[in-house]
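Common to both upcoming complexes is chain A, partnered first by chain B, then by chain C.
Up next is the complex of A and B:
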């Protein structure tokens, strides 16, 4: 049974809306936030399996630290959408600014449009699927998790990667230090197919290339003379 | 942190709405810059033989004394502690006589199209003080400041200007302003203050005076200007924005057939008429985005 609550951010202060989402949900299963108009920190820190629809463009840190909830932004998202997400799903129907999914530990972030720079920076276990392209320095120092890019990637993709894996369908302008292309295995094809299905995007997984860490930076190499 | 705001009216019939639409854009950036704000408005240009100078006076300045000292063909319009002096004399001659007779006045801008207002206070206070909502023109460049590297004073507020009909606002910080300055000062280019932004403003104006187009100057700037920046700039007929290669400082563009609006964040664009149908995008790092006003 759907129990709906609606808020108009042009009338209700954001703090009241976030307080409701944190403490006063009760039986509410579905929350609609109207007139977001680029406000920061919409629906951050959620900790319940509620669905939240943001009817417009969100500012910084939308759905940051999300746990269990499904948050859909029916517009664009500002910097740091779903940063530090723990679980749940965040979907951006438009484009996302820089640092989308930064440090996210779990859950799924879907950006149907493009992402700015540093998408998935320091990713710690979440999955990110981008329908469009990602900017430079995406997945910088990403430790765990997966990024699927249906479009192109900018410069220095996957610089200083740890165990996170990147799949790109389009062009990669350049790889970062220690990132390398690897062959797609059956497990990779299955993983990409699954993530695309979750994101609702239709592409052939065989069109994607895998990028992962060469692991040459894992140990200090004095002969490299810090030339990486 | 700072906020940047730009607006160009593409449909000449709507140029009377420039200030009215820009005021909530400026006020929308208050959280990014609560300590000072400034506005450069580009109007229809004066006749080729005339220049206008935007002047800032300290509290208590006797504007009637300046009125009485005007030369033939000169006029003065005063808004709060700002005056716009229009003169048929060369700007250098006007500046020289002002420096002698009214040393307490600061010349904020010179040109045929630019009017400049900047001061300390909240964006709403400054918009109200200078009557932003009533201003008309082709385009404007505005800024809200949160000082990080120099004092909160009217001089350190943005926009910065150099030469004629040229202004620049900055969100970010430069790491080589003093090397730029050491290059420019021996060429006879004088600095008013010590804000890093002034170096970028004067360096780009110097390049254009040397013959570069706006685009060529900005292209060179990607190599010469080091640091974090989103620069929004205005000339008599153009608005332009560039971001450093890391795009550390935000910017968003909204375009319709009637206007082009630029702001640090969507919060400052949300009220614009027709924004729901506007084309929205973030300016790409190290790419020049420029728009020309319709003649």
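Up next is the complex of A and C:
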């Protein structure tokens, strides 16, 4: 049974809304946040399997450090949406600004539109699916996890990657240090198909290319003369 | 024929070693600990204490408070410490789990806080630390909202005195399975700790980041901002504008687990200069009593602590000093100590130092992971050389000694509270120290630049 709670952020202070989400959920299974008007830190630090709908645009760090919850932003999201997410799902119906999913360790972030710079920077295990394109420096120093980009990618994609993997359907302006294209395996096709299905996006996985680390920076190499 | 032995100032033994190493390897040196060069420091200051013009308190009997409260600006649960000496952030990875447990136990017994580091929070550390500060670093290795909630304060690390602007590294030899799992990286790989945070850039963003941390913690926990000492006056102001409850300023003498020597010796400013700039910034903003200042970088003794407080710090933070207390650079480790950490047999380890190309008293090989006394290692055998009870006892004694020294000096200066020590109680031994600290040259009323 769905138990709904609603807040109007133009009337209720954000601090009270977050406190409710942290400490006073009780039997509530669904929270609707109206008139967010780009407020920062909406629904951060959640630690329960609750659904939160944000009816409008969110500012910085929407659903930051999420655990278990499903958060849907019915608009655009500012920098750092779902940063350091541990589990759960965060969906942005519009566009996301810089650093989407930064350092996220688990869960799924879906951005139906485009993402700005540094999407998936420092990623540590989460999955990110972007319906549109991603900006430059995306997946910088990403350690684990997967990024699926249905559109194009900007400059320096995957710079200094560790074990994270990127799949891009469109053009890649340039790869970053130590990132390289690799052949798609059956496992990659299955992974992309699964992620697209979770995101509710319909594309042929065979249209995607795989980018991963060449692992040549895993140990500092003096002979590279810093010309990576 | 007489052999001339006049050493060149410009090409002394140290410089020759550097050139020979560079020419032989094509590699810059990476090492641990802090700056070895002589820079103006707290040693260059003296206390005036009381005489006819000031009235002292009796040496150790009259009450002199060392209580220290941090995080009173916005946090609803500020931290209360028994002494103004805290333990600095040092990572699990650079240090063993035994050491982290020992530090937590020592801090708890001394009534102070310890701090996590670049590698996340271990259960050993949380379990043994009554008051634990949780660092939020650029790498976000192991960063976990559950740990945010379990922490007593959050420290957003912008930089470190040993390497401001430089990020960090943990060489592959220290990355054992547990460290790798905590950091979500493969075993044995050199781990870069990023020099920039992934989700914010600049002070305006930092203000929003701090508010996110406050929202997550329901505004309960103090938020510290730590900066490596460079443009300290401006950085402290920006940290305050960003909403910090506490600003931590780490001078160039601060230590590191592994960084390029060129960074350690040539980047940043001395702690003495930094603390004065930090206090000037707080006073300029009218925030001296609202935002607390913690100073670190080369604090070794009770005298250093007292001088930092007199300069205007609210507390100090110590890293290398506690490593030395644990046994760093000792010629022996302890086997078979009693449960309270006393007793035991001293086991010499000169050969282990020699195998590293070092010797007791000269070692800075933390980066190798082969610490002969079991402090900065992840090696399963070596880490057993430092057992938590031994480490806890040593560090507790060290903290206790320094706290007593601070209050002894404070009493001699006529203060009933160590936080009443003031710049007026100090003079400088050198022109440089006088200029940096903003106190008169001893025997004069001359403050250079004023």
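Keep this in mind: the second predicted complex is superposed on the first by the 228 of 228 C-alpha atoms of A that agree within 3 Å, B and C clash if a C-alpha of one lies under 4 Å from a C-alpha of the other, contacts with A are read in each partner's own complex, and residues count from 1 in each chain.
Everything that follows uses one rule, which is that a residue touches a chain if its C-beta (ideal position, glycine included) is under 8 Å from a C-beta of that chain, and two chains touch if they have at least 3 such contacts.
As the structure is a computational prediction, the values presented were derived from the model and not from experiment.
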| item | value |
| --- | --- |
| First, second, both or neither for A:136, with chain B first and chain C second | first |
| First (chain B), second (chain C), both or neither touched by A:15 | second |
| Touched partner set for A:70, first chain B, second chain C, both or neither | neither |
| Which superposed partner A:37 touches (first chain B, second chain C, both, neither) | first |
| Which of chain B and chain C A:89 touches, first, second, both or neither | neither |
| Which of chain B and chain C A:79 touches, first, second, both or neither | both |
| Residues of chain A that lie at the interface with chain B and also at the interface with chain C | 59-60, 79 |
| Chain B residues touching chain A - in the complex, by the definition given at the top | 245-247, 250, 265-271, 280-282, 285 |
| Of all residues in chain A, those that touch chain C in their complex | 14-15, 18-19, 22-23, 40-41, 44-45, 47, 59-61, 64-65, 67, 79-80, 83-84, 86, 99, 102-103, 105, 118, 121-122, 124-125, 140-141, 143-144, 160, 162-163, 218-220, 222 |
| Of all residues in chain C, those that touch chain A in their complex | 25-27, 139-140, 143-146, 148-149, 172, 183-186, 189-190, 192, 194, 198-200, 205, 208-209, 211-212, 215-219 |
| In the complex, chain A residues that touch chain B | 37-39, 57, 59-60, 76, 78-79, 94-95, 97-98, 116-117, 135-137 |
